[in-house]
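Both complexes shown next keep chain A, but they swap its partner, so chain B is in the first and chain C is in the second.
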Partner chain A sequence: MISRKLTTEQLIARRLKIRSWNHKIGAKVAPHYTPSMGVRNPASPEKLSMSLLLSSYAHMGHSTSLWNPLTQPFIYGKRDGIHIISLDQTMVYLRRAISVVREVAKARGVIVFIGTRSGQKDSVVNAAKRARGFHVFDRWLPGLVTNARNVQGNLGGKIVPVDDNGRVVPTKESPKFVIPDLIVVLNPLENRGACLEAQKASIPTIGIIDSDADPKMVTYPVPANDDSLRCTDLIVGLLSKAAEQEYNQNPASVNSTASYLPRA
Partner chain B sequence: MNFLRIPSAFHGVRCANSQSFFLQCFKSIPSRIQSNHFKCYHTVPEIPERNLNPLFSEHGMKVAWDEHQGHVVKSLNDRVKGTELEDHSMFNIIFQTAVLPEHAATFQFASQAYNNHFFFESLISAEKAKADPKFQLEGNSVIQQAILENFESKEDLLSKIKQLASNTFGAAWIWVVLDDYNRLQVMRTFQAGTPFLWTRSQSNDPHLVPSVPDHSMRPRNYSHVPIFNLCLWDHAYFTDFGLFQREQYIDTWFQSINWSVVENRLKQSLV
Partner chain C sequence: MFQALTRIKGFPRLPKYPVALPLTPKWNFRGFHLVPESSSYFTSNARFNEVCLYLEDLLKYAPKIYAEVTPEIQWKTLRQYQNDFSDPKTSRVGYRRIVELLDSLNKISPSFRTGSIQQVIDRFTRPSTQGLQNQRKVMPDEKGLVMATGRRKSSKATVKIIRGTGEVFVNGFPLASYFQRLAHRRHALYPLVATNTLTKYNVWMVVHGGGPTGQSGAIHSAVSKALKIHNIFLEGPLREAGCVENDKRKVERKKTGQPKARKKYTWVKR
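This part shows the complex of A and B:
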């Protein structure tokens, strides 16, 4: 066991290694929220409750002067110059969105998560991995769906069927583009193009609708706060966890050769 | 379009009247100013074995664990309440506060809480240890090999610890640590020092006038991973053994070590 002097890299690796069991020593820390927890290990749909939404600031709408009256059914009231979103409504619409994602996952559909605000990248990428779908965090390129043949071809990368052992299966024709079966948008107000393309291509959309957004832009609006990263991380985490649970019930059919979902 | 990509509280805030401006800024930060602090605190953790009979009687356990750890954790809570450290583990708090003079007391409490829990986690009652081979040194190959490589035998390790203990006056901890050559070393920290940080190991006797500064030796960063320790604070042994019977206490302690826990720690620290 006695060895040569450990290099600095090895010492640092050791320090990181002992952290995992050393964190528990000393005292029990009360359960608390950290942004990395919300991204890496989000709440699953069973944990959805009013208090969870409240603690994630899902009820905070935008200023009353920027109100879109179409969101009137979702508003609870006004306070301090902003509209307060009714969490009763949020619960109902969010539950509906979760069941939509579940059904799409059951039918092994392709889900795309779009979150273009700064700081949404990590949660959107992890959500896509969990739900075996695709992610967009920089900019929705116009034509990704309606002009898929050209725009998706220019993205680079290939769609390659892979068998159980990870080896590439040679096929005569490989798909050149992917049309999603469901689009989840975290800020539909800033991704108008994505919503319109989805409408044109008859793709259902789930979107976070704040008090200044248009609920008609998406198929299944989820009235919530789109400004708070904690709230958007929560919602995208819930939806992706629902899909993951659905896949875990029957992992063989997801990983088989016949499946065309991206690898986890 | 968000060209700058700088996370900012002003994102999406449009200049309405001044009232709503700040509220909109608050909207995008999960604000801790408004949250209720009473639920965020540290609590005394559970130890695997409460019945440590020859080493700690019922009353001795209450003094050394419940009361002491309770006091230390409560003092830490009072000091850390409202800051960002209240959500961090002891391990983190030790590192964050070690070099800050205004948080010196917080460091002492955090370090003491860590040391005490570390100590009690590695203990098991002496009868159980004798009965079950998986708690004994012979049943755990990695730690046994390590001890035989570094000290001639188990008894040699005990005698080295006793020698160091007989030279210490006052409250101290004696640690067996893994250094940067993957050797086991016996080291001592007075009061609530920690072996993790060289500057806070407090290894020099506080009763001696220091002729050399405490960390004059070449600082070894990241080394010293503690494997198990011994509590030489008075409250640990005066209820059951008497104020001057440290030797018997150390003998009983050596028979009460749960070597499987120590082995786990060693296995998880080797790289």
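This part shows the complex of A and C:
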């Protein structure tokens, strides 16, 4: 056997050749959940079911000693020292939240997704991209809404007047700040400031309410597990997919990804 | 605009905070929406986040085929980045994160880089300035004289070395009469001893501040710097002899509640 040093290209070509011989051997494993697919290609609202919520650990509440009694309507029971969130309730409230997002996207409102926990950055950024909205994955700056003139002025971003199809419209106005039309918070307990500012400025909020959170903090609570990244990725994915579907309804829109060709 | 609306009958009173108008067409009579351009508009540093997210995205989908030797590259300085990318808010810490991502992108073998990766690397490469001299090289002047400074404790020494026979003068006095103690004289000229150049150079120095130990230490530091300028090859033996490192020890300050820096008052039981 001759031993020779292969270049990178030769090594890769050899690997691909061996893979082409071997990859069809063996059992076909059905597509299963991976965290990256949960972020890149989340479930659409049609796929929402109890089994999907159960597999995403949406029913796991917090310890019974940390219970907020205001979440009593959402609790199914207790087990192993934690409260179990009733998935019947979750389905109902989640469906309501999805329809809210749909209506806001239809009216081309500004949606902001807030998820400040450590692993939530990817899913929040992708959800914002999908829903043609905006993301906050680090701290929510206090005063972004109630002190918009100063805080947004200091941040100094550009604001564009845009029509329903997404095309820029020439206007004489030079707007200094933008108030969101909907805020989706993945951890309202850690973003109390954002929820309060939204209340003061009459901005509807959707938030994931766990058994230790206060459902009155947000306008449309979604009782689910806020600790599990799989669950928060699922919920923010569902909401952003609903918004994306609304943008795709109108193929003339600049933001739409719907193709002009009829479905074969 | 809000004030004009409050004059309409039925519109609620103007609150203290800016209010989100309802999304119905009735209130959106202007026919357009005001939408921020960047999706990071509501973050604390939108431009920085845009750049980071773009680089992270590139990295995620980049082929993880690394070259055997990473190509040497110089990235733009913080100021150049701030000017070119109109991002005056990014701090050194933030730019360090960007450079981290760029280094991982640079590791990818050049033949396997996609067009966008190469574009990004080119955009961030420091422009080479042949006119600018990055390093000011210090050379001995026409007569072969080299000047260097050294510091120790509160003393500062300026030393001039020239090829000669081994004469040493400190503040106009010969070394033997300036430093009483042998240890000080030895410490001051130790760099010359370590490189066997005692009889090859004449040394003239001016030193002020501090006491004999500090002054001899300052001379020691200055002489080793001057020798390095004269002859780069002496750096090896100097480093082995321990002449190159700066002695940063300084008098420690006195603390409140104590008579001296470390000494404490007598402990009393009651």
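To be clear about the criterion, the second predicted complex is superposed on the first by the 208 of 264 C-alpha atoms of A that agree within 3 Å, B and C clash if a C-alpha of one lies under 4 Å from a C-alpha of the other, contacts with A are read in each partner's own complex, and residues count from 1 in each chain.
The rule is short, and it goes like this: a residue touches a chain if its C-beta (ideal position, glycine included) is under 8 Å from a C-beta of that chain, and two chains touch if they have at least 3 such contacts.
Just so you know, these numbers come straight off a predicted model, no measurement behind them.
Residue contacts after overlaying the shared chain place A:146 against chain C, while chain B stays out of touching range. Of the two partner chains placed by the overlay, only chain B lies in contact with A:119; chain C stays clear of it. In the superposition on chain A, contact of A:8 is made with both chain B and chain C. Residue contacts after overlaying the shared chain place A:18 against chain B, while chain C stays out of touching range. When the two structures are aligned on the shared chain, A:32 is found in touch with chain B, with no touch to chain C.
By the touch criterion stated above, A:82 is placed in contact with chain B alone, chain C being left untouched. In the overlay built on the shared chain, the residue A:242 is in contact with neither chain B nor chain C. Once the two complexes are laid over each other on the shared chain, residue contacts for A:134 go to chain C alone; chain B is not touched.
In the three-chain superposition model, chain A touches both chain B and chain C at residues 8, 12, 139. Chain B meets chain A in the complex at residues 1-2, 5-7, 11-12, 14, 16-17, 19-20, 23-24, 27-30, 39-46, 73, 76, 87-93, 110, 113-114, 117-118, 121, 142, 145-146, 149-150, 180-183, 221-223, 225, 265, 268-271. Of all the residues in chain C, the ones that touch chain A in their complex are 15, 17-20, 23-24, 28, 31-44, 46, 53, 65, 109, 111-112. Listed in rising order, the residues of chain A touching chain B in the complex are 1-6, 8, 10-15, 17-30, 32-34, 56-57, 60, 62-66, 80-82, 116-119, 139, 190, 225-230.
Listing the residues of chain A that touch chain C in their complex gives 8-9, 12, 103-104, 107-110, 112, 125, 128-129, 133-141, 144-146, 148-149, 155, 157-164, 169, 171, 173, 175, 177-181, 197, 200-203.
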